[in-house]
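Next come two complexes, and both contain chain A; in the first it sits with chain B, in the second with chain C.
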Partner chain A sequence: MLSQLQQTRVMIRANLFSLHRRLAISISMALSVAIVVCVLAGFLAMAKGFETALASAGSSLVAVVLGGGTNQEAGSDIPASVLRTIEATAGDIGAARDPAGNLVSSREIVVPVDVQQGPGGLARTLALRGMEAAGPSIREGITLSQGRFFTPGSREIVGGDRLAGEFGLSAGDTVRLGAVDWMVVGHFSAHGSAFESELWGDLDAVRAAFNRQGQVQSLRLRLSGPDSLKRLQDSLSTMAETPLTALSEAGLYAAQSGRTASLIRSFGWPIALLMAIGATAGALNTMMSSVSDRTVEIATVRALGFSPLSAFIGTWVEAMMLAAIGVILGLAASWIVFNGWQASTIGANNARMAFQLTVSGDVLATSGLLGLAIGILGGALPAIAATRLPITAALRARG
Partner chain B sequence: MTFFDLARKNAWRKPLRTLLLMVCIAVAFLIYGLAASFVAGAQGAAGASDELLGVMSATGRTQPLPMALMPRIAADPEVAAVGYMTRMRGFIEVEKNVVAVSAVDPGLLMSVNGKELGLTADLVDAIGQARENVLVGRALADAQGWTAGQRIAVTTFDIAKQDGSRDWRFEIAGIFEGENASTDTYFMIGRYDYVNAVRARGKDTVDAFIVRPQASAVPDLAAHIDQLFANSAAPTRTQSEKQFLEAFLRQYADIGMIVNLVTGAAFVTVLMIVVNTMVFAVRERLFEIGVLKTLGFSQTRIVALILGETLFVFAIGGGCGLALAKLATVFAGPNLGLVFSPLVFAKALAILLVLGFATGALPALNAIRTPIINAFRSR
Partner chain C sequence: MTQHIAQEPYIALKGISKAYNIGGQAVPIFSGLDLCIPHGDFVAVMGPSGSGKSTLLNMLAGIDRPDAGSLRIGASHLDQMGEAARSSWRAHHMGIVFQFYNLLPILTAAENVELPLLLKPLSRRERRIRVERVLDLVGLGGRERQYPGVMSGGQQQRVGIARAIVCDPGLLLCDEPTGDLDRKSADEILEMLCFLNRQLGKTIVMVTHDPQAALHAKRTLHLDKGDFVEERRAA
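So, the complex of A and B:
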């Protein structure tokens, strides 16, 4: 048993110390593993980043009421009579009230607007959200980072930090949205969530500028407790004939993120797996040349009485070492390059949504495991070949 | 033994190694083929015309333009025909099942881009029979399993009717095929007069005018149209259909950049693996190359031998990869929009040749540089 271990150790050492003889091909194997790891990590980080941006947007303490039987803001419409009924209901409907007994609420509408990114740049579609004065304070984690919030009734807007940076909107600028000019009065921070991709303005000003008078898409309410959503849903169902949907903000955004994130993943996985097949073929070649390079040595030690197992493990460990180097390189590169990379896509309101690629622990683990699998699979076959080398090969050699 | 026999025997000297190389190359070209087909298709941008112009509001694609602009556009002598459309987005039953309805004047649409959409006089007649009639694109009809004569209801996202409801009932009058496979037919064509009469807001406005220029039109017709309305209440922005779609798709993701990065990564990987394996393979048979040299084989022949071998491996591997990519584009549904165009194929062939020569060059150089004496010593 002891000799078995010793033999294996000797073979691993011999394999690793002979690496310099086939340096180029070994490096190419490690690099090909690194590239596969990078590609998978890139796609997974994109999906993760998208989920993170939407997940952190939703709070479970904020309820969104939608009308018209839909469960997303686009296409929702709450008639004015229903709004009045909700506001006039005096009993406990599960929503928080201010000291005067009025509901803490914000009626909202989202309008897509085109804004040029830089002078002569591409026109991007952004979401302009019209809300009531309580809107920013109902949401959680919104802080003003520059200027002030919009004044009710005026054509003033605030933009998310991320958006303001990319589009060069700073307080005091005027920007043309639709047919009229708007004044940028401040920036807000939402900790990188999806809200930072929106422009916020006063509800009535937005409705007037875009011919949406009287229209309300969603009503945001602050829940009185984490478990009062059910009570809100129950009381809404008795309130009006039109179907109303109440869901938590967290639920609203989670439903939106699921589809896009799984779309990104279903693009990334097949590409990464295809590349992994290519890299495995490359690894097999590399390790077979390693075996053929060391034919004489392996046959010699086998003739001296080394076990086939030690020959197998020697070659296998070499393959896994090379793959591990590739994995480490790939993970380091993708962490340095992708983490924090700004990306954007079209979000739920048919407008631009920015997010940051996030290279998280499970992204690293998944792509790293794929890289190691290449080494394990690509090393196993040549390692078996190493155990089958005819011992006579050593005798035929003329080194 | 002829020269080709020698090359062939060399290539199959270690069959497993050669096969593995071919697998590598096939995978890279499969990825390239799929990615390039995706970009070429880019969900209809390939079928989009460079010629047709769309006139939209300068303040954004979602802002309406008044119908009153139409006669002024049509009066321009460089304009052959003008149509208009209002685009409604909605869903069928479940919100994931999104469809688009272009509300148009069927007669005008026929004269502007009837050929590109594959409209026939019969279809235009059919939609003219009743206000609720629609024509459905082949891709959409196949995806939803619709046939002509069926009644459908579309729930729109933003255009409400006067009674406050958003459910629009239509009857399918016919199915249009599109000019060729790359035409986007994942939408339906409805009647503007119906939509305009029933909708609650935005009466007598359109989302876009579609302009077919005269064959002799000057290239800056787009700028010319925009000038007409530059300081009016409704300034316009005129782009070709292709420009518009490309800019629009780029908002979803910079598909071009992602594809370039991924295919670049795949090719770099393959190049590395193949070059190194070939260098190794040639080093293994230095002795034989020495023998060939002693026998009086010229340097060109030895180079040709090695280049021939790599090109052979590339041709078979790349051929398999491209064939698989072609198969995939045939079997993938039309809504993925993969188009394996001749241009994609030609580019792939060019890449194949360049990579084949590039990977063969280094080992070939090694072979001719090694003096015969060293070659014999290697054994």
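So, the complex of A and C:
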């Protein structure tokens, strides 16, 4: 056993210390692994960032009631009569009430609006959410970063920090949304969640400006406890003449993020795997070249009595070392390039949703493992070839 | 009984047949080859290209197996051993000296010589002592840390010889050991082989094209078309 270890150590050393003889092809193998790792990490970081943005937007203590049989705000409509019924219902329906006995709720609509990105910049579609005064406080983790929240009944808006930074919105600015001007009175932080991609204004002011009088797409309710959603769903099923759907805010955003994240992954994985197949072929070529380069050395030590296993491990370790170097380079590049990179996509309300790419631990681990797999697979066949080299090569070849 | 064993040849080939498959056709190299080499002999094998010199050397080294016949070296029947057993036998009973030295360029002279010792249950200290001893023996004491790349051909071949004898094998197989050397270096190497044969009792089989090299052997066998056609004994 000790002898086997010593033989293997010599073979590994012989392989690694002779890398300079095949520097170009070794570098190309490491770089091809690095590119695969970097591309996969980029896609996974995108999916992760999107999920993080939406997942952190949702609270399990907030319910979102939607009408019209949909489970998305975009196609939802809750008739006024239904809202009056809900608000008038006494007793425990699963929702929290204020000291006066009123439901802690916010009726809301979302309107896509075009906002110019800086002077002369491109117009981007953002989500303008009309909400009642309780809207910001119902949500969890919302804090004012600058200014104040909008005054009910006025044409005032607040924007998420992410938008404020990107569009240069400051308290006191005037922004034209639709046909009227709106005063920016502050911006808020939502810890990087999807809320930061929205503009918030008063419900009535938004409805009036966009001719949506009387329309309510969603009703946000603070639940009386973590287990109250079922009670709310049961209550709604008995009272409404129109189908209502009550989801936890966390569930609503998780469903949205799940679809988009899996779409990103379904693009990312095939691309990365196709590239990985190419990189594996490259690794195979590199390692075959390595075995060919060391034919005399391998045959010589085999002629001295070294085991085939030592030749196998020596070649395999070289492949894995080169892949590991590629993995380190790829992960470092993905971290530098992608981590914290601001990206955006079209969200559920046909409006722009900004998010931050997140090169998290699991992204690094998954991408890194794919890179190492390239080394393992690409090195295996040449390692087997190394064990099958004719020992007679040592006797006839010039060293 | 003891007397009988002592008289047995150290290397005995009987009825050896060997053919290679070339382009789908079996090309015979040996057909019923016999050879006996006593312990302590120094045999040079000469012959034209394709006469079977390399095949003979490969079989004696346990690298190749005969198709038929028996091949015994010492008490080991190589024709009946599997690859792993022959590999182990090589590590313990013989040393090979290559034409082009076959040193690992990334290892120092001492590390190259140490390679066969890694197959034995020896401590690092024991290995170092043996390596120093054989390097002194071949006249390279003090050059343990030199790399092959900075050594002359003659010096590299001395390292190759040191590597071949470091495990103290009974048999040395030399494949054109002077084929890549100038005359002076070649003579030094041949003198060293004579020393190993006469003073240390090593049995040596040397394949060579060089008649002058063959003169250093105790006897010279000429191979042609797979058979020994002439034998010359040193005066």
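Keep in mind that, in the parts below, the second predicted complex is superposed on the first by the 398 of 399 C-alpha atoms of A that agree within 3 Å, B and C clash if a C-alpha of one lies under 4 Å from a C-alpha of the other, contacts with A are read in each partner's own complex, and residues count from 1 in each chain.
Convention: a contact is a pair of C-beta atoms (placed from the backbone, for glycine too) under 8 Å apart; a residue touches a chain by one contact, two chains touch by 3 or more.
The structure displayed is predicted, hence computed values, not measured ones.
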Partners on chain A (chain B, chain C) - clash or fit: fit
First (chain B), second (chain C), both or neither touched by A:Met287: neither
Inter-chain angle, chain B to chain C through the CA centre of chain A, in degrees rounded to a multiple of 10: 90
Of chain B and chain C, the chain that contacts the larger number of chain A residues: B
Partner chain(s) touched by A:Arg259 [first = chain B, second = chain C, both, neither]: first
Touching partner for A:Ala323 - first (chain B), second (chain C), both, neither: neither
Which of chain B and chain C A:Val301 touches, first, second, both or neither: second
Overlay on shared chain A, then closest C-alpha pair between chain B and chain C (Å): 12
Chain A positions touched by chain B in one structure and by chain C in the second: 398
Contact footprint of chain A on chain C as seen in their complex: 54, 57-58, 61, 63-64, 84, 87-88, 90-92, 96, 98-107, 115-116, 118-121, 163, 175
Of chain A, residues touching chain B in the complex: 22, 24-25, 28-29, 31-32, 35-36, 38-39, 42, 68, 70-72, 74-75, 77, 79, 111-114, 122-125, 176-179, 211-212, 259, 271, 274-275, 277-279, 281-282, 284-286, 288-289, 292, 343-346, 350, 352, 398
Residues on chain B engaged by chain A in the complex (per definition of touch): 14, 16-17, 20-21, 23-24, 27-28, 30-31, 59-63, 89-91, 95-96, 155-158, 160, 164, 166, 201-202, 233, 247, 250-253, 261-262, 265-266, 268-270, 272-273, 275-277, 279-280, 284, 379
Chain A to chain C touching residues, read off their complex: 2-3, 6-7, 10, 13-14, 17-18, 296-297, 300-307, 391-392, 394-399
